[in-house]
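Heads up, the next two complexes both have chain A, just with different partners, chain B and then chain C.
Let's turn to the complex of A and B:
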């Protein structure tokens, strides 16, 4: 694990997390959350946990985002905070 | 003073995991929208998983797949040193945790959809108002 890659990706992860919980549109939250999951998967691949990385890429960034978008379309995009 | 500072800098990844965990906790407690609370829960879970996976990391080690075990005939004969491979135990445990977290997320989303169909809102304060009207 090169500490430069680690630090840069970790910073991206934290930015994505803050943006996902502070943006005022739930569809934007869904997409930012998918980006967060993919960055997390990258971090695990760098750490050598390849099995965890591809499970996260398929399940976290794939299925979760699909669930999320489906739920947003069945409810509303509006959020107050 | 300098040794405390060097300890903080050397363990920078643990501090960032704690920050990530606290972002998730804040979203779970302070956000008003139910979906935002779910996102906070998932951030919290992935921060814990990240912490566990990082514990198993070793310097100058490769991924936990034995080299040359699948080629050739029979055993390769060379001794296997555990120090050459990253510890796979936290990976396996956290693989289960990822699957559980996705199942939790799916069920929680389904409950949020049902709440919206019944009360036409996902905001916690409006929900409390509708509940107290009845």
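Let's turn to the complex of A and C:
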């Protein structure tokens, strides 16, 4: 019934996941992980699991992105490999 | 080597995709998860617990023991971050900035200190001029974020949300203070010891409610026995017990989020950072 929304969101999820492991800049990776979490949050909301979506939005897209950025702040910004 | 890795990843992915074909369909009423306990929860939870939000009823009441250890895991995460990263060595050098003139003072002796206030302010190597726009916006936003967090904790029974989400939102408002001002502002407003005590108190509230239920003659976390000491409608006593437990979870999660952030961003020194 919601297959158009599902398709768009799933495409974005896969796009974010591939981009997150292929970019060299760790800060960009952190932000892409945030976007990935937000897309997963939309997916949970479409499936009707609102509590899980809420947790994903606050923990996955919110605080863990900040933790990643904080960790990147204390390391070098670009990967070596 | 890269080729072998790529092949292994593709094979694992293919096996995982193959495995998902055996899983039941989404929302399948005949799936193992929906035939045993779920029916009882869906049909009876409202009359047994008087809590409209099924998820909270399952998490905080039917599976309260499980959630208690989830809170303990969060507490252990904060503890591990503290033990691994905390560095108690004092920074020898100090930088102060004279606010009216912008002159920077560099003290090599750690014993000399200047009073922090309108005249002098702390500085560190990553110091950037405070942005008036960001500060003003955050000053207005932070109270609303905190009230929303309290709403999420308090309304966990009725709407999506609960202790974990509310605690995370409250913790992120503390992190916003550190980002908008600087880390010292946050650390001087909420002492490290206070955060540690909060993290422990949150878990203790949860465990304490469980033990009070035992002392009143019930099972561990059997909230219906609380009716003996709290004079409310006995039908609502389980909702009240869940609210108490959620408040404990919220306090613990809030403190742990702040502890993890402060320790990561300052490499355990608690003085300078993002």
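Rule of thumb we're sticking to: the second predicted complex is superposed on the first by the 78 of 81 C-alpha atoms of A that agree within 3 Å, B and C clash if a C-alpha of one lies under 4 Å from a C-alpha of the other, contacts with A are read in each partner's own complex, and residues count from 1 in each chain.
Quick note on the criterion: contacts are C-beta pairs under 8 Å (C-beta built on N, C-alpha and C of every residue); 3 or more make two chains touch, one makes a residue touch a chain.
Note that this is a predicted model, so its numbers are computed, not measured.
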| item | value |
| --- | --- |
| Touching partner for A:14 - first (chain B), second (chain C), both, neither | first |
| Touched partner set for A:43, first chain B, second chain C, both or neither | first |
| Superposed model, chain A: greater residue contact from chain B or chain C | B |
| Partner chain in contact with A:71 - chain B first, chain C second, else both or neither | both |
| First, second, both or neither for A:51, with chain B first and chain C second | both |
| A:59 touches, of chain B and chain C: first, second, both or neither? | both |
| First, second, both or neither for A:33, with chain B first and chain C second | first |
| Interface residues of chain A shared between complexes with chain B and chain C | 47, 50-51, 55, 59, 63, 67, 70-71, 74 |
| Interfacial residue positions of chain C with respect to chain A in the complex | 26, 53, 55-56, 160-162, 164-165, 168-169, 171-172, 175, 179, 257, 260-261, 264-265, 267, 273-274 |
| Of chain B, residues touching chain A in the complex | 12-13, 16, 19-20, 23-24, 26-27, 31-33, 35-36, 39-40, 42-43, 46, 49-50, 53-54, 56-57, 61-64, 86, 90-92, 94-95, 98-99, 102, 105-106, 109-110, 112-113, 116, 122-123 |
| Chain C partner contacts - residues on chain A that touch it in the complex | 47, 50-51, 53-55, 58-59, 62-63, 66-67, 69-71, 73-74 |
| Residue ranges of chain A touching chain B (in the complex, touch as defined) | 1, 6-7, 10-11, 13-14, 17-18, 20-21, 26, 29, 33, 36-37, 40, 43-44, 47-52, 55-56, 59-60, 63-64, 67-68, 70-72, 74-76, 79-81 |
